[in-house]
Structures are given as structure tokens and as C-alpha cells.
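Everything on this sheet refers to the single structure shown next.
Just so it is clear, A, B, C and D label the chains in written order, and each chain counts residues from 1 on its own.
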Amino acid sequence: MEQVYLHFPILQVLIPLLLAPICVLVGRSTFSWLITFFGSVSSLVIAISLLHSVSDGSSISYHIGGWPPPIGIEYVVDSANAFLLVLVSGISTVVLLYARDQIKLEIDEENHTLFYTCYLLCLTGLLGVLITGDVFNVFVFLEISSLSTYVLVAQGAKRDKRALKAAFNYLIMGTVGATFFVIGVGFIYMATGTLNMFDIYERINDLESSRTVRASYAFIVIGMGLKLAMFPMHLWMPGAYTYAPTVVTTFLSATATKVSLYVLIRFTFSVFHFDFNFIEQVFKFLVMPLAIIAMFAMSFVAIFQKDIKRMLAYSSIAQIGYMLLGVSLLSSEGLTATFVNLFNHGITKATLFMSLGVLTLYSGKSFLSDVQGLGKKMPWISASFLIGGLSLVGIPGTAGFISKWLLVQATIEAGVPILALLIILSSLLAIVYIWKVIEHLYFMEPHSELASQKVSFRILIPLWILSISCLYWGFDTSLTVGTSDIAANNLFNNVIKLN
Amino acid sequence: MDFIQVPSSYIFYLAAAITFVFLRDRTLRSVLLICVPIIALIQVWNLEIGNHHQVDFFNLQLELMRVDKLSKVFGLIFCLAAFLGNLYAWHVKDVVQQIATLVYTGSAIGAVFAGDLVSLFFYWEGTAIASVFLIWARRTEASYHTGMRYLLIQISSGVILLAGLAVQFHTTGSIAFEKMELSSLSSFLIFISFGIKCAFPLLHNWLQDSYPAATVTGTVILSSFTTKLAIYALARSFAGTEILIYIGAIMTLFPIFFAEIENDLRRVLAYSLNNQLGFMVVGIGVGTELALNGTASHAFAHILYKSLLFMSVGAVLFRTGTSKASELGGLYKTMPLSALCCLIGAASISAFPLFSGFVTKSLIMDATATEHYPVIWCVLVFASAGVLSHSGIKIPYFTFFAHDSGLRPKEAPINMLIAMFITSFLCVFLGVFPDTLYNILPYEVNYKPYTISHVISQLQLLCFALLAFTVIMKLGFHPPEIRAINLDSDWVYRKYLPSIMLRIINRLGSVNESTRSGLENKISSGEQILLNIFGPTANFARVFTNGVMILWIAVIFTGALAIVLF
Amino acid sequence: MIFEHNFIMGHLNYWLFIMLMMTGLFIVISRGNLIKKIVGLNIFQTSVFMFYISIGKVAGGTAPIFPMDMNINPSILYSNPLPHVLILTAIVVGIATTALGLALIVRIREAYGTIEDEEISLIEADEQKLETQSQLA
Amino acid sequence: MNDNNKKLKETTNPVGSILFGWLDHRHSTRIIIGTLSVSCFVLLLVDFVYHRHGHFMIEEVPGFFALYGFLMFSLIILGATTLRYFVKRREDYYGTKAVDSDMTENKK
């Protein structure tokens, strides 16, 4: 038993990876759902146990195949990625709970098995990116998740053919991003001769002036910027989120961009040295301004959207602005705020997309007029949308408030209170677009032709798990803030305590 | 922790949750809405002095129940006002309004008992967000826009409070909601935040903008809490801050003139509310025990008579569909009881002896006199005459008397009448037995309102002002009630800034010809401008081909490379 | 300095890599035909492969292969095998991407009847207009 | 005249006629003004009989409050009339999305 425990880091990735082909072989919708669900749950269990064992700020190093680093590939678990491992596998599990019913309406029966296979692969990729300590391995897992994501997005074609074009755009953009990233990795390898993150960190110390190292950072920022939809490289995102099946949108919005952001953070702090002058410059003159523009411009765009899914996609880009802002303060507080934001925004957006998906389950369209008056007909679902919306805006008592609060604190701590003001001002914009939906939900008469729709408990349960967690993390901050604090401190001081 | 000492706000929130989830029956909801304030009233009455309910939040200790005599008196009147308001709103079927009322009153009461700035901030925003639903509940486009403006201003007040609290926490490490000096950045921010909610001059316009836009019952509820909460907060933190005396004096003055020429009676009352707040702010500024007693008691009495006035005008609006002075008149024939209540409210606000205003306002006046502020005292006396002019005379006279408008509405519904009667009774009761009120004030009261000289001087002031009114009416100099609106400071953000924005946008030339001509038609609509920049067809949101996307990446990458390499 | 012989010839592999990369990107940007876009993407990716392989080359080094008898002669210079191995993985990824892209193009062609980016955009714009109209109505 | 009166009676609330019925009397206005003038006069007289103690000297001047009240009230009316000259606008000044013009439509 002890043996198994020691292999948890690799099992974290291996279980969903191995289950994927099994899924194809099974070929039946229900069975493959069961397998996928099993994979997701076991990932979650493993992630939680990993988080538990690193919660004191220590870290676990796992040597693949017994080859010690820097020769072999190393998996490293510390509180930063263990936290996100829990988020990704947790969201995946909750999404799967409701996926079955939703998928039946959105995807042809014969594609279900393959859908779940891709879902598992996507999960594998995301978990792998998080857990690996090898820079090239990051690229491989990133591409595993991206390639399966393109397929998942394209599955929306049954409802709207534009999903295909969105997936194709995403493919082009994603590949360009990944290739940029791989060029950056090549440059680092040229400069340091190693691929292990922590080994690079040691060796890169005197290379601040090296142009190779500098250029590699530029490539990596742009590559990851593309994947995490940093404004103005977000253009693939609204389409992909709008036309993808709701299950996919829910899962991706809560995880994919977060994982890419994690990679950026990891590279900035554990591969490069964040106090390199050029890194500070990049954040000061590129990332921060773009993040602020995103916060406002994208919120304004969201206000004018008629399609709620698209509105939420734009809102995600604005929210990514907050997270990037937190990172670009290059302070421990800012980093904590970003980690909390990653988590809280993940569950908030998942709640929103999921409840929206259920609200528009039968109409299939997610325009404002499609949810009109549903507040009375589907009170439970609308209420969970409301909670998600409140959390997105950052109303006290919700998870969203905690992340905004920390971010505001961090900006004041960093000595730029004007940013705090901007953050708060842009949050006001969120009120406007969320209000538009709430208004249609609650204050308008429903279309008469919409008969009262029954929603099974299989859907309600995961939805309310998410809604309640939106509220719960608004009160109990010991896990989110506590872990983020440790994670941020570890990254900031680059303390990797191996046990 | 004793069960009775749980935060009173929880009671309201619980009721709101129950209403939201369970209560489908209208009557049950109305009953609940009336019962909850009574339960809270009993609870608050029985609260012991002290700090009762601590909660840990982020390594901060929140004091949710700081009970002292100041918070208790505000807690009591808030519960009372909630009860009266809900009784008045018995007939309302709209569940949104009912929940909003519960959350709003709960937050206001919670804020009163909040012992630290963080929980104050929570409740502060709670009042802002819940109350806007009372405006939106009217469900017209106009009320939606007004509500938006209201929400924006209220939320900004909370945001500034948050900023002040953050700065304070950062510099001193304390989140205590206590007396502070107006000397540091943090206290200044907090002061501004309170000032916005308290409708300081030039920050006041949300009040006059929004209260006439709410529903009939919503305005009654609104009038009781938000501003008085701000008064409480100021009294708690900035008592004795001298600048408040002058701010308060200006607050008592300028609304008088606006109220005099305003046509919408509910807006007249909003101006009058602003003027009354001025008295309280002066009291806070003076800051002596007498003055603070005056502020607390005046807030107490004010909530009652202002609700009463809003109730009677609301009843008229409910029955006739308008609250414009120019459309009303002669309603005493069919709404005599409402007229009577309105007269009692008018007498109370004008501070006629034997009515509540008389026994509370004089505390503040006396405090300014004993502390030797002769000019301020004169201003307050002047303002008292002003109160008489718009709330004492204008409201009842142009609604119920004056020329006959020909309207013959039915008397107000029975629930409204009962609420008005109880409130009227309380107004008179406090006026006749001021000691009941004086006993619950924060400090010991050694003040006798009913001295001969005080009664005589007040009667002289009021009677001669009335005489002046009759003379002016006879001479025909009184500004006629006409259908018009008056500009106020909101003009800046409703008219001026949008036009400036438009000019800038035009100058930039980022708008193409066809939309520009369309734009000119909607010169006032800032929304249109935003639409042109951020709307679905604008550059920011267009669906690009992936070639363009890649081009963007190339641009950003070049930027990044330049930054990194040089 | 820029025109120094050494600067150009010494970094020849980088210049070629950059040229190839730009060519690929330019195709992605400028061509409307989706298949051509995929081809451009391939060229772009290939340039990176070339880059990796070239940095693994040690001047005068031979292929990093164990001799049959497993007796390694320390005097023989080997090229660095690691980048080459990495690129094997990257090539697999590239092929998968290409395959997926082409598969998507097939589906796009079925759905839209064209594989020209501009035409697809027009069709989508029409659709969007219809949607907005139905919203207004 | 009689007919008109009758009509009024029909539409008037019975409580109303008890409370405010006297207002319909022909001389009601004169009675009110008369009462008011008399009470003002009496109040003014009291000042000369009774010496008031105030915080300020000016309070002790007989008739100070009376004069102040009268003049200030007039000043308010005057000030308000002047103010109206500057700030008066049409009801739909802020466009159709303002509450005031909204009410106009309600009326229709």
C-alpha cells in the first residue's frame, strides 16, 4: 500500500491516460462515461492526497523510471500545482456528473465514446502540465490537452456549424502558441543545456544578460499568452467557448486557461528568476498594461453581447486580466491573489456556464431572450446562476469577493493604489453585464411556448455543489488563501523543500 | 454566546431566504414581513451593552454585535421603521421588493451593530445592492436607468470605504470602526464614503434622483435607512469634526430653494430629507453630548415623520398615479385621513410644539448656541423656516388643498392608513412625552424642550412664516407649480460629461460616417458611444479571421522581444 | 558589425530557421485557403524542428549511436542526441495537429461548402445578422 | 351652484366632510387668515410682556423671531423664484429615459 502512495505523482497522469484507450475499446456510452468518471474521481483523490502531503509547504519529487534528475524526467508536486491539480480534477469530476445528460442532447450517440476519450486525454494533458518538472514535458502535455480540446470544441458542430470554424481557428492559434513555446524551450536548452526546471533555475543565474535567455522568455510569454487568452491574443476564445458543447465550455473555462497561466507563473518564478531586470520590464510594460486594458475593454464588450455564452467568454478574458495583474505585481501578495483568483474564478465560471447550459438545455441557444423569465420556471438553476454572477462581480460573501479583495490588498501593498481603484471600477462593469442576464431571468415574462422543463437531480446536484462552493469559499478561506499563500511564498522565495 | 445576542441582521436574512425559497403565498409573505421587524425590535430592545458576536475572517476579528447606547437607538428606530414600512406595503405582491426590503433593512441594522470597518463594509454594500431593487421594482426603463445611476454611486461609496479601510489597515493594522481624526488618507477616504451616503452637498444628487423613481412603498423604505445609516456612521467616527458643522449648514440651506420650486412632491421630500440631514450633520460636527443626543433623537424622529410624509404622498401617488404638485390639489375631499396624517407629518417636520420635530431639533439648535456658533445658529433657524415652507406648507397644501384638481380618488387602502396612523401617533406621542425618547439616547439628557420662551419663539417663527406665506400667496408671488424639472448637480454626469465624451469621440474620428450621423441624434446617449467602441460590430468584438489574429501575435511578440532585448 | 561575415555565416542555421519560420507564418496570415494555412503551419513547425536539430549538432561530431560492441571510444565526438529525440516527439505532435486540422477542414467543407476563410467569414456574418434580427423581433 | 354642491357632496368622503368640510364654507379663507393674523398679533404681544432668555443677545430683542421668520420666508420664496429662472428645464430634458418624462406618459 505504501508503494502505491509513493507513485501517486505518476498515477495522477497515468490513470486518465491509460483509461482513454480503454474507453475507445469499450465503445458504449454509459460504460465509457463510467470509466471516465472513475478516472476523474481517482485523479481527484490522488490530487487531494498530494495536496494534503504538501500542505506544510514541502514538495515531492518523483523520478520517472528511477532516473534521477536532471537526466531523467522529474515530477514535482508542491502546494502551487497540487492546489491546481485539485481544482482541475475537481472541476472535471463535477462537470462529468452532469455531462451525461447534457451530452445526450448535444452530441450524436455514436460519438459519445470518442468524446469521453478526448475528455480523458484533455484531463491527462492538463494534469501533466501541472505536475511535470521538465520543460519539454510541459510542451508535450500541453499539446495532448490542446489537441483533444480542438476535437472537443468541434463537437459543438451538431448544434452550430460555426463550432468547426472556431475549432479550426483555435487549432491554428493554439499550434502557433505551442510552437512559440517550444522555440522558447529550445533557447533555454541552448543556454543552459538542461531541461529540468530546477536545474535550469540554478544554471540560469548568471545568464541574465544572455540574449538567448531573454529571447526565450519573450517566446514563452507570447506562447503562453496565446494559450491563456491574454488580451489581445484572445481572439480564438470567444468563438471556441461560444460554439463548443456546454460541457466542454464549462470544463475549459474553469481549467485550460488557468493551467496555461500556471505555466507562465512557473516559468517566471521557478525557471527564470523573477527579479531579472528584463522580466520585470516585460511585466511592467507589456503584461500589466494589457491586463488593465483587458479588464476594461473586454468587460465593455461583454456588456454589449446578446449571447450569454459569448458574454461570459469575454468576461473570462477580463478576469484573466485580473490574474495577470496579480502576477505582474511580482510580489508575494500579488501571487497569492492570483492563485486564489485562479481557483475562485474557476469554480465561479464553471457555475455560470453550467447553469447557463442547463437553462438553455432545450432551446440550444443562449441568447438573452432565450433565458427570459426562466427565473420562475427554473428557480433552482436560475438561483445558481445568480450566485455565480454575484461571485463573478465580487459581492461580499462569495468566493469572488475574496479574490478581488486580496488583489486590491496586493496592489495597495505594492504601492500602486490606483490599480486598486481600476480593479474596483472594472468590477462595476461586471455588475452591468451580469445584471442584464439577471434582469432577463427574473424580471421578464417567459416565452409562452416554453413548457415547464424538468431537470433531473443528476444535473441539479453537481450544479449546486458548485454554487455552494462559490459561497463556501467566500467564507472559509483557510484552504484557498492558506494554500495560495504557501504556494506563493514557495514560488517567490523559490523554496523547494524536498522530503 | 447568548442566543438573544445573535446579529439582528441574520433574522432578516433568514427571513429573506425563507421568502425566496418557500413562501409562495402572498399573505404569508406579508405576515412574515411584519413579524420579522417586531421580533428584531424585541431582540434589540433586550440587547445588553457590550460586544457579543465575534467572527474570524482572514485573520481579522470581526465584531458583528457591538451594542452600545448609540447603536441601540439606531437599531430600535430601524426596526420600527421596517415594521411601519412593511405594514404600509402589506398589499405589495412583488416578491422581489419584499426580499429586497428584508435584505436592505437587515443590512442597515447589521451595519449599525457592526463593530469594525470590514463588516461595516459588507453591510454597507448590502444596503446599496438590496435597495436598488426597490427602484428597479418599478420596472420601467426610466427607473432602470435611475437605478443604475443610484447603484453606481452607492457602490462607489462602498468602494471608497473599502479603499479607506484598506489604507487604514495597511498603516495601523486596525480595522476598528471607532472615532477617528480627519487627518490621514484613510480617514479622509472613509469620510468621503460616509459623505456620499449622507448626501453631502454636491454628492447629494443620487438622493433626489432615485427616491422619486422607486415604487410607492419602496420610497418609504428607502427614506428610512440609507442616509440615517450614514448619519450613524458619521456620529460614530467623526463626532466633533468641525468641518461637518459647515457642511451640515450648507446642507440645510441649499435644498430649501430647490424644494420650493420642485414639482414632483416625492422629490420635494427628498430635498427636504437632505435638509434635515443637514441638521443632524451639524449636530455631529458640534460633537458635544447634547449635540450627539440631538442628532440621534432627530434621526429617530425624522425617520418617523419623513416616512409619514412619504407614506401620505405615496398613498396619493398610489391612488392617482401622479405625485406632481401641478396635477394635484383638493384631495382632502376624498382622502381626508391621508390629509390628516400628512398634516401631522408636516407639523412634526416643521417642529410645531407638541410634535416630535420640536423636541428633537431644539436639542441640536441649543447645542450650536451653547457652543457659540451664532452664524450656524442663524442658518439653522433660517433653515427651520425653510422646512416649513416646503415640507410644512407645500406638501400638504398643494396635494390636499389649494385649487381643486378635480381628482376624486378613493381613500388610501386600509393597511396604508393603519401604518400612517401608527406613525402619526408616534410623532405626536414623542412630541408630547419627549422623555420616552430622551431616556434611550446615548447620553444623559438634562434638557427641557417645553419652556415658555422656547415655545413662544418657535411659535412666533412659524406663525409669522405662515403669515408671510399667506401674504405672498395673496400677492401672487409664490412660484407657481408648473410641469418642469430643475437642474441640479446631476446635470454634470447626465448631460455634460456625455456631451464631452461625444465630442472627444468625434474628434478622434474613430466612428465611421454612418454611425456618426446616427450618433448625433442620440447626443445624450453615452451608451451609444460605448456601443460604437465595444459593441458587437465594433473592432473590439469583431470575429476576425485567423490571419489577423496571427498578425496581432506578431505585433505583440515584437513588442515583447524589444522589451526583453533592450 | 551586422554585416560581419562571421555574424552571418556563423549563425547561418538561425537565419535559415528564421526565414523558414517567417515564410510559414506569412502563409498562415496571407492565404485564405484553409489547407494552405495548414501547410503554412507545417512549414512554421518544421522550421522549429530544424532549429532544434541544428543546435544539437556538435561541430565534427558523429551520429550518437553506440558501436556494435558497446566499447565507447572517449576520443570520438558525438552530436547531442537529446534535441533530436525531443524533436521526434514534436514531429508526432505536428503530425497529429496536421491530421486534425485536415479533418476539420473536411468537416468545414461539408458544412459551409467552401474552404476559403473569407467566404466562411461572410457566411458567418450573415448568420450573425440573422440572429440579431431574430433577437430584435 | 346648488347642483354643483350636490355633486361634490356625493363624491366627498363622509370623514372628509367632518374633518375638512368647513373648508368648503364661503368664508373659510377669510377665517383662516383672520385666525392666523390674530394669533400672530397675540404672539408678538407676548414678547413685550415676557422677557425671553436666550443664548444670544439678539434673541432677547422683542419680536426677533417673528421678524426673522417673516423675512426669511419671503427671502426663500424670492430666492427660489430666482433660482428657478436659472435651472428650469422641460420635463423631458434628460430624454425619455428619465423618471420625470416617464411620469408624463403614465398620466396619458
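Before moving on, here are some points about what is shown:
Quick note on the criterion: a contact is a pair of C-beta atoms (placed from the backbone, for glycine too) under 8 Å apart; a residue touches a chain by one contact, two chains touch by 3 or more.
It should be emphasised that the depicted structure is a prediction, and the values quoted were computed from it without experimental measurement.
Relative to subunit C, the chain whose mean Cα position lies farthest away is D. The greater number of contacting C-beta pairs, out of the two interfaces A-C and B-C, is seen for A-C. Taking each chain's centre as the mean of its C-alpha atoms, subunit A lies 67 Å from subunit D.
Centre-to-centre separation of subunit C and subunit D, using mean CA positions: 86 Å.
As a whole-number value, the distance joining the C-alpha centres of subunit A and subunit C reads 26 Å. Rounded to whole angstrom units, the spacing between the C-alpha centres of subunit B and subunit C is 64.
In subunit A, the residues that touch at least two other chains are 168, 172, 176, 306.
Counting only residues that touch two or more partner chains, subunit B has 536, 543, 546, 548, 550. Touching of two or more other chains is recorded for residues 25, 28, 37, 124, 132 of subunit C. By the definition of touch given earlier, these chain pairs are in contact: A-B, A-C, B-C, B-D. Contact residues of subunit B toward subunit A in the complex are 20, 57-58, 96, 121-122, 125-126, 129, 136, 139, 144, 148, 151-152, 155-156, 159, 162-163, 166-167, 170, 530-531, 533-536, 538, 540-541, 543-544, 546, 548-550, 552-553, 556-557, 559-561, 563-565. Interface residues of subunit C facing subunit B in the complex, by the touch rule stated above, are 25, 28-32, 37, 117-118, 121, 124-125, 128, 132. Put simply, subunit B touches subunit C in their complex at residues 536, 543, 545-548, 550-551, 554.
For subunit B in complex with subunit D, the touching residues are 140-143, 145-146, 209, 212-213, 256-258, 260-261, 264, 321-324, 327, 332-337, 339-340, 366, 369-370, 372, 374, 377, 381-382, 385-386, 388-389, 401, 408, 411, 452-453, 456-470, 472, 477-479, 483-488, 494-495, 524-525. Interface residues of subunit A facing subunit B in the complex, by the touch rule stated above, are 168-169, 172-173, 176, 180, 211, 214-215, 217-219, 221-222, 225-226, 232-233, 235-236, 238-239, 278, 281-282, 285-286, 290, 297-298, 300-301, 303-306, 314, 383, 395-397, 408-409, 412-413, 417, 420-421, 424-425, 428, 431-432, 439, 442-443, 475, 477, 481.
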